[in-house]
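The two complexes that follow have subunit A in common; it is paired with subunit B in the first and with subunit C in the second.
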Partner chain A sequence: MADHHKTTEPTVHRHEEIQRKLALKEERKHHNVSFVMMILLTIVAFFAIWSDKISDSFAVIFILTLAVVQVFFQLYIWMHLSHKGHDFPIWGMASGVLVAAITVASLMGMIWTS
Partner chain B sequence: MATHESHKKRSGLMDWLTTVDHKKIGILYLLAGGFFFLIGGLEAILMRIQLMEPDSKIFTGELYNQLLTMHGTTMIFLAAMPIIFGFMNAILPLQIGARDVAFPFVNAVGFWLFFFGGLLLNLSWFLGGAPEAGWTAYAPLSTVAEDTGVDFYVLGLQIAGAGTLAGGINFLVTVINMRAPGMTFMRMPLFTWASFVTSGLILFAFPALTVGIFLLMFERVFDANFFNADMGGNVLIWEHIFWIFGHPEVYILILPAFGIISEIVSTFSSKRLFGYSAMVFATVLIGFLGFMVWVHHMFTVGLGPVANSIFAVATMAIAIPTGVKIFNWIFTMWGGQIRFTTAMLFAVGFIPTFVMGGVTGVMLSVPAADYQYHDSYFVVAHFHYVIVGGLILGLFAGLYYWYPRMFNRVLNETLGKWNFWLFFIGFHLTFFPQHWLGLMGMPRRVYTYMSGQELDGANFVSTIGAILMGAGTIVLLINIIISASSKYATTKDPWDGRTLEWAMPVPTPEYNFAQTPLVRGLDALYVEKAAGNGEMTPAEPVGEIHMPNGSILPFIMSLGLFISGFGFIYANWIVAGAGLGLVLITMFLRSVIDDHGYHIHKEEVEADIKGGRA
Partner chain C sequence: MNAGERLTDANFPAHPEKATLEGKNKFVGFWLFLGGETVLFATLFGTYLGLRNMHLDGPSGEELFSLPLVFLATMLLLTSSLTSVYAVLSLKQNKVRSLQGWFIVTLLLGLGFLGLEIYEFIHYVHEGHTFTSSAFGSAFYTLVGFHGGHVLFGILWISTLLARNWNRGITLANAPKYYLFALYWHFVDVVWVFIFTVVYLMGKVG
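Right after this comes the complex of A and B.
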């Protein structure tokens, strides 16, 4: 039994190590992709405002959408929100977004459109 | 590591100025909050003396407005909240089996910010007059006020509010990260739960106040025009922002009182809390709904029937979880072995009083009816029933309940009962007649009324009641002084407690638990008592305990903001810059000086355990 243990343990270890390396590699890929994407999104946002062909009202909505995408990249890729043990930050941010959304939407409705 | 072991023992005043121990900060909060409570109470009695007789001319006009503004502001921001924070500091880490809060340094910063903010606000009395625009500081009243009173309000609350925000974040992290092994969320005592939800509300509500006050500050100090209709601004923006903060603030105040009452009712009925999970759910739901009702303070503004109806329905919905709580307290007492100690008397007095405040609240939530009640004494009666009859009775209950744990002495029960009956009868005498004064048309915030309008009798009774409340508070002070001068030390568990804060010897060791306890159920200490153990099972062997070092930096940092506050009030940019510079220097020092704290050695802990000190 003891011998058996000695022979299996290193393979288990090696297996875990390979998995970790793969995960790291995957993560690095995500980082690279999102880094390039974020730069591209910023350039696109810049062009949307710079170009005369896109109307201002559309451009505002367009770059706000891009900003939301950027926030998701930031939170999930760079701040690892998708990893385990991030339930509380997600809950906190979701409720913060909810409170802010209610506030902004009601104020828009009650002050600036009436 | 050498830095680990450099630990200076400080004593006397310096110890209190530099402490980062949550128990000592809790006492500081309680003392400072208690002091401001007395000031706010004095202001209230002065107002009632003015209103005792019709056409009275003792405190008129601007001075009455100042009393009124400072009474509201002081009681909410400088008395109620700090006393709540005092209990949260002193008790919450013990209840979850933690050795301290998550960020002891930030905790100290939070206290000193509150203290200096409150000091700044109250110094306005001596420096050209207090603010006079009401605790709500509605624009344009607050933006056109010429003297510096409102500037003190703006800067004082900004500084104190930053401290509150820091405290709220600290307790959120503490509850999430510092619970002892086995202390799952659904095993946390209700006071901890209530404090947790309250901290969440602080996190989301106080930024609104911060932003609002910044806008008001820019309007007053730098001539901005956010609320100036002539320049394209909108006065309603202030009202919205203030109440987006202000309504959750009401629940920030009342939820901890709910928590305290839950602990006390359960302990003195010798029963576990009825419907624990429903209580937790109700607490969270009240916190959640609290963010969607602010417009009920603004029904008469003219936002239209749709907005008014939506917010009216949301407001009425809050009565449901609150009702759940009321019934659960009653069912907890039902069939229990009730002991009517002073703490329990306050808790039992709380329940019907709070129900009355809640019922008038539902009445006020009907927009059509609110047009009648708005800005009358009916509203004053309502919110004093929930804040004094709810929160303050809860805080008194908590004081008598936790006094032995905080100060190692039991308050005298006979004096305590005098305190309760004087305060309770005085309270109802003061505010019950005000319902009728309001229905008869007496407007709030007005410094006098004419005779011959049938307002005389009720106002006279109301003033007598206020004096009785004052007498009740004086009895409490006498009680505290007597207990402080007596040598009598309490046993560690005077009430046959059920939760972890009663598991340590008195005085509570600075590291709280020599060994982190293992929690095996709701009412952790009761579980062990029922199993015949009598004390907690440790979850770890005796070992070194890591402690944070005290620091004077929180005090100096807050002092810097205090100084810069004066600079902004008097538009003296050198002073303002110097104060902010001091803040930056302390922040820099805090960042670059490595302070790893120190360790209490295993031998010392073992000696404490052997000597009965841990």
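Right after this comes the complex of A and C.
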């Protein structure tokens, strides 16, 4: 029994370690992919304005959408919101964003109507 | 185990940043802080959006802003966000030297960003766009300057954190601190994404 214990424990440990390494490798890949995506989104946003080829009102909606997508990459992949145990942070940020949206809308409204 | 003790590969926990109660509290508290920061920046964005066309006799955003400069600054900050996430990956592998290296790269990119912003502001002041020149000027410098202040604070934070823990390795006491700095730095980049979109790009289309 004792012998059995000695032989299995290191293998279990090594198995866990390999899994952890693989998970980290996967995570690094996600980080690299999201970096490339964010660079592309930035270039597209700048190009949309720079080239002056699309109408202004559409360009504004377009670049705002790109910004929101890019922020999702930041929050979910780089700030690990997609990982386990992030329920509270998600609620915290979601309520922050909700209050922020109301704040922006009401401030703009107040200044415009005054 | 003493939280200040250098961790070895054998006793390294899967989540060193949340292995102690203090680490867990810092993690939750910091996210709450970031939620509050979101609201804080929203007030500045809302004010800017309302006042951005009120430039009186001074130059308008369309005349002032130079997109190549903003693009370069964006790339610097975006890359620094990537290097800080690499530092967190090193943290998870107990590689303290690589963590320090990536955070130093982050620090240098942050300094580059700040240098560009200072250059930009000096240029604008020469063009007649100052804090007191118009409502647009006040709103612009408050919003963009407040973000620049966050970058400066981050630079000071990571410098002192690295210097203080240079020879300590990764411990249960300093792992949450490194981790939270990376979160803060990503958040600063998140705010910048909206600044380059709302202030600079939307400023160009009027």
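The rule we apply is simple: the second predicted complex is superposed on the first by the 100 of 114 C-alpha atoms of A that agree within 3 Å, B and C clash if a C-alpha of one lies under 4 Å from a C-alpha of the other, contacts with A are read in each partner's own complex, and residues count from 1 in each chain.
Basically, a residue touches a chain if its C-beta (ideal position, glycine included) is under 8 Å from a C-beta of that chain, and two chains touch if they have at least 3 such contacts.
The model shown is predicted, which means the values in this text are computed figures rather than measured ones.
Once the two complexes are overlaid on the shared chain, A:Phe88 sits against subunit B and subunit C alike.
When both complexes are overlaid on chain A, the residue A:Met38 reaches subunit C alone and has no touch with subunit B.
After overlaying the two complexes on the shared chain, residue contacts for A:Met108 are found with subunit C alone; subunit B is out of touch.
Set against each other, subunit B and subunit C differ in how many residues of subunit A they touch, and the higher count belongs to C. After overlaying the two complexes on the shared chain, residue contacts for A:Leu75 are found with subunit C alone; subunit B is out of touch. In the superposition on chain A, contact of A:Val99 is made with both subunit B and subunit C. 88, 92, 95-96, 99, 103, 106-107, 110-111 are the residues of subunit A that lie in the contact sets of both subunit B and subunit C, per the superposition on chain A. Subunit B contributes residues 172, 176, 200, 203-204, 208, 234, 236-237, 240, 244, 291-292, 295, 303-304, 307 to its touches with subunit A in the complex. By the touch criterion stated above, subunit A contacts subunit C in their complex at residues 20, 24, 27-28, 31, 35, 38-39, 42, 45-46, 48-50, 56, 59-60, 63-64, 66-67, 70-71, 74-75, 78-79, 85, 88-89, 92-93, 95-97, 99-101, 103-108, 110-112.
Subunit C makes touch with subunit A in their complex at residues 14, 18, 27-28, 31-32, 34-39, 41-43, 45-47, 49-51, 67, 71, 74-75, 78-79, 81-82, 85-86, 89, 92-93, 183, 186-187, 189-190, 193-194, 196-198, 201-202, 204-206. Listing the residues of subunit A that touch subunit B in their complex gives 88, 92, 95-96, 99, 102-103, 106-107, 109-111, 114.
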